[in-house]
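The structures come next, written out as structure tokens.
Both complexes shown next keep chain A, but they swap its partner, so chain B is in the first and chain C is in the second.
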Partner chain A sequence: MKCAHRSTADALCGVSFVAILAALWTGVCASGVVPEGQLPSPYEVLHALIAEGPHLGALALVTVRRTLLAFLLGGLCGLGLGLGQGVCPVFRKTTGLAIEGLRPLPSVALIPLGILLYGMGDPLNIAVAAFACAWPCFISARDGVRGVNPLLIDTARTIGLGRVQTIRCVILPAAFPAIVTGLRIALGVAFAVEVSVELVIPKQGLGALASTAALAGESGLLYAAILATGLVGLLLNNLLRWATRRLLRPYGQQWSSGA
Partner chain B sequence: MRRGPDWQGLVFCLCVALAWETTARQELLPPRLFPALSSVLVQLAEGTATGALPGALAKTLGCMGAGLLAAASMIPLGIWAGRSQRVWPTIGPAVEFLRSLPPALMALPAMLLLGIGDAPKIFAVFFAASFPILLSSMDGVRAIPPLFLDTAETLHIKPRAMLFEVLLPAAAPGVFSGLKTALPMAFIVAMVSEMIGGADGIGHLLLRSQRSFDIPQLYAIILVVAITGGIFAYALCRIESSCLRWYSGWKGGAGQPSE
Partner chain C sequence: MISIQSLGMTYPKHGSLAPVFRNLSFDVPDGQLLAIVGPSGCGKTTLLRCMAGLTRAASGRVQYNGVPVCKPSPGMSMVFQDSANSLFPWKTALENVVFAMARSTASPREKREAAQGYMEVVGLARQGSCYPWELSGGMQQRVALARALAGGADTLLLDEPFASLDAQARAGLEDLLLAMRGGGLRTIVIVTHDVDEALYLSDRVLILGGEATTVQGDMLVDLPHPRHQLATRGAPRFSEFRVAVHRLLAHGAGREAE
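On to the complex of A and B.
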């Protein structure tokens, strides 16, 4: 009972904070401190959002499709490398330095190179976002495998499991929670980088719409695009959070309750 | 943790470099797109000597530093939110939404409001770095062992001493993990905003060298950016391990706190 009371109060606080922010925003617009056209009023943004609704939805689908493709590609590469490094010490020792050297490279620095190699189109966006989101997968897979309790591996050896069987039946299940957590981070990274690429090369997608709207000075449309992007990001994140919880429920509180 | 040089890794890197050089020299790949490593290095040396590369890099790092400094103001807010029951429920929903926006997107409204120049870049970096710092400072405070806080209360410690001698040091592991997320993100966002609407900086130079088909310079800049990112990661790791020596000892002395 007390708990329910508490959560209502919390929700009220959150809503009123957003309301205060919106009121401040409206006030600033109405007072005319900011010159015309630089900051749209919430009403204008809402208007643009409704008027451009179907268009925004279609662009959001483009962005989401590319994000998911990049996530798939980057995730597979990252997991492959990470598992390889985790399972095979020789592979880790040989490629470790080269990969650690590549990892701090900011993905967006590859955009100009990507334009030369792929031209401006889907492959470029997907390749750059995939490069960015491979790293969280790589790290989580490598560290997940290395963090497996040695007792489990020793036990597997004692009962006579072969190398492949140990990997399949012991190491992979034990590293699974860490890997899933890494995948969740990777999806967020893929989305953010995908939108960034669209900003730089405004051809298609939500980021491209925002970029062209800003250049054309259509502030209402710009803010509507930002709002739509935020909603899509929130949706993706919550979807994956829900999936993570479902997947990790058998692993107990420690993993499934993670933020 | 210091070991000797990683010979195996170095040899592998050398092999990759040699393979690159010979492939380019034999013109197995289109030579316009894949210049030899040696010509990239020559370009790198020239750019450094004329001051074009260091100048652009310094410009970017300056904006990035200003944004990060502004984002450091989130540390006190995070500590407050970690201590108080009310703060997070109030700001939480708004923060969750803003956090799901790709931060580079925020350079656009900033450009409308503040004009083209350094200001939107600094704002975008601030926006990008704020949320990881805020959230992990908050988590850092929440993860303080109750023993520390109870002891401090039993000793009737003054609020000032509580903040500087208990809360801040004990929340430092969280703050550092936030900085580790924020620093690469800040670098990426600074570069994206230079690519969108900048007139200088390393991101702008990168895009310009692509447009003028100065491919060796393009590779040279990517190299510079990767090295810079690597230096950031390394420096932060060193600072962290020297600041948190007590922490790794307290956790059971298992070497450095995880990367």
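On to the complex of A and C.
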């Protein structure tokens, strides 16, 4: 009960602060310090948000769908490469140079190549965002596996486990918390890159809406689009945080309580 | 029986190989509780790892029941100094013990029952469902012991198993270890830097020391069984042994005992 009280109080604090910010915002709009058309009032933004609600929702779904597909694709590739490099030194030596050479490439620099390969459609967005989010997965899987406490591996050896069994029963579970943390970062990256690709190539999605609204000078809609993007990001992050906490519960406080 | 034959180990130092220990030879007969004492850094842990088949020696060889040891042998179990990090944190205490039977063909249910039995032996009958990080250091060490027993080992290698424990927990575990000998059916090799602990537990103490570690002394400890924390440690004979071991350690360090 005490805990519930505290979280209600925390939430109240947070909400009141947001309310104060909104009041300040309204004040700034009314004072006329900012030229008209650059900063709509919270009321106008809210109005746009409600009026365009269904449209925004549909576009948000497009963005989320692309983000999740990119996350899936990039995550699988990143995890595959990372686990491969972690458990197999020969694989690490062979692929190391190629992967390290590719990694510093900013994902948005791949947009022109994507246009050439896929034209302007979903595959372009997904490929670019997947490229970006593969790296956090790769690093966390590789370093997670290599960072497994050698005592656990020694223990597996004394128990008499073979190489494959050791990887399956000891190395992968031991590296799991690090891998999950990498996945969480990767989802954020996938979302951010997805929105930036939409900004550059305004074909559907929340980023595209923001881009076109800015060009058309519809400031209310622009702010509504930004707000919606933020909300979607928050939702994705919270969803994954919840899943992470559940998955890592057996690993103890140090992993499952992380923000 | 474990047989160590002119075992040597080196480590890289200033671009060349410096010896950790050299020319170690001794046998551990079945059923003996051997304590190995020596200053820190003398290679006690490395020696134990060589016996366990986890580390390959630079020269010489280890034989277990006549078979050369080059990988961990079934029948031999090792308990590491840092038990908090050798237990699988994602498994409960009981699951950790069950996991030691990974290669056994018994049914999962039989394994759980056996594991529960070992948890009872180490006095943790009711902590089976706890995760290692929910247990105290002493309890974690007990789980590690239960896991070593569950592997069906007739030889236990223990690396400073009680070093990080408070005196109370330590005394309890020392007596547990004596009880675990199973009436002399198990061979136990324990590495420690605590001379009193070595004498209290063992049938025989091997003293290591010197610039490049060699055997400084090999002593049969004929203190009567069953041992008792107060009576055994208070006996005049115990003090005599203690003085003798400290002399040998001091000699190994190149100084006279005060």
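One rule holds in what follows: the second predicted complex is superposed on the first by the 243 of 259 C-alpha atoms of A that agree within 3 Å, B and C clash if a C-alpha of one lies under 4 Å from a C-alpha of the other, contacts with A are read in each partner's own complex, and residues count from 1 in each chain.
Quick note on the criterion: contacts are C-beta pairs under 8 Å (C-beta built on N, C-alpha and C of every residue); 3 or more make two chains touch, one makes a residue touch a chain.
Note that the coordinates shown come from a computational prediction; the quantities given were computed from them, not determined experimentally.
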Since both structures carry chain A, what do chain B and chain C do when superposed there: clash or fit?
-> fit
Given Cα centres, how many degrees, to the nearest 10, is the angle at chain A formed with chain B and chain C?
-> 90
Regarding the shared-chain residue A:191, is it in contact with chain B (first), chain C (second), both, or neither?
-> first
Who does A:54 touch here: chain B (first), chain C (second), both, or neither?
-> neither
If you stack the two complexes on chain A, which partner ends up touching A:222: first (chain B), second (chain C), both, or neither?
-> first
Report for A:32: first if it touches chain B alone, second if chain C alone, otherwise both or neither.
-> neither
Give one of first, second, both or neither to describe whether A:13 is in contact with chain B, with chain C, with both, or with none.
-> first
Larger residue footprint on chain A, choosing between chain B and chain C, goes to B
So, does A:154 touch the first partner chain B, the second partner chain C, both, or neither?
-> second
What is the minimum C-alpha distance, in Å, between chain B and chain C after the two complexes are superposed on chain A?
-> 15
For chain A, which residues belong to both interfaces, chain B and chain C?
-> none
Chain C - residues contacting chain A, complex = 52-54, 71-72, 74, 76-78, 80, 82, 85-86, 88-91, 99-100, 102-103, 131, 133-134, 151
Contact set on chain A toward chain C in their complex | 149, 151-152, 154-155, 157-161, 165, 169-170, 173-174, 176, 250-254
Write out the stretch or stretches of chain A touching chain B in their complex.
-> 9-11, 13-18, 21, 34, 37-39, 93-98, 100-113, 115-117, 143, 188, 191-193, 195-196, 199-200, 207, 210-211, 213-214, 217, 219, 222-223, 226, 229-230, 233-234, 237
Complex contacts: residues of chain B adjacent to chain A = 6, 8-10, 12-13, 16, 33, 86, 89-94, 96-98, 100-109, 111-113, 184, 187-188, 191-192, 195-196, 203, 206-207, 209-210, 215, 218-219, 221-222, 225-226, 228-230, 232-233, 258
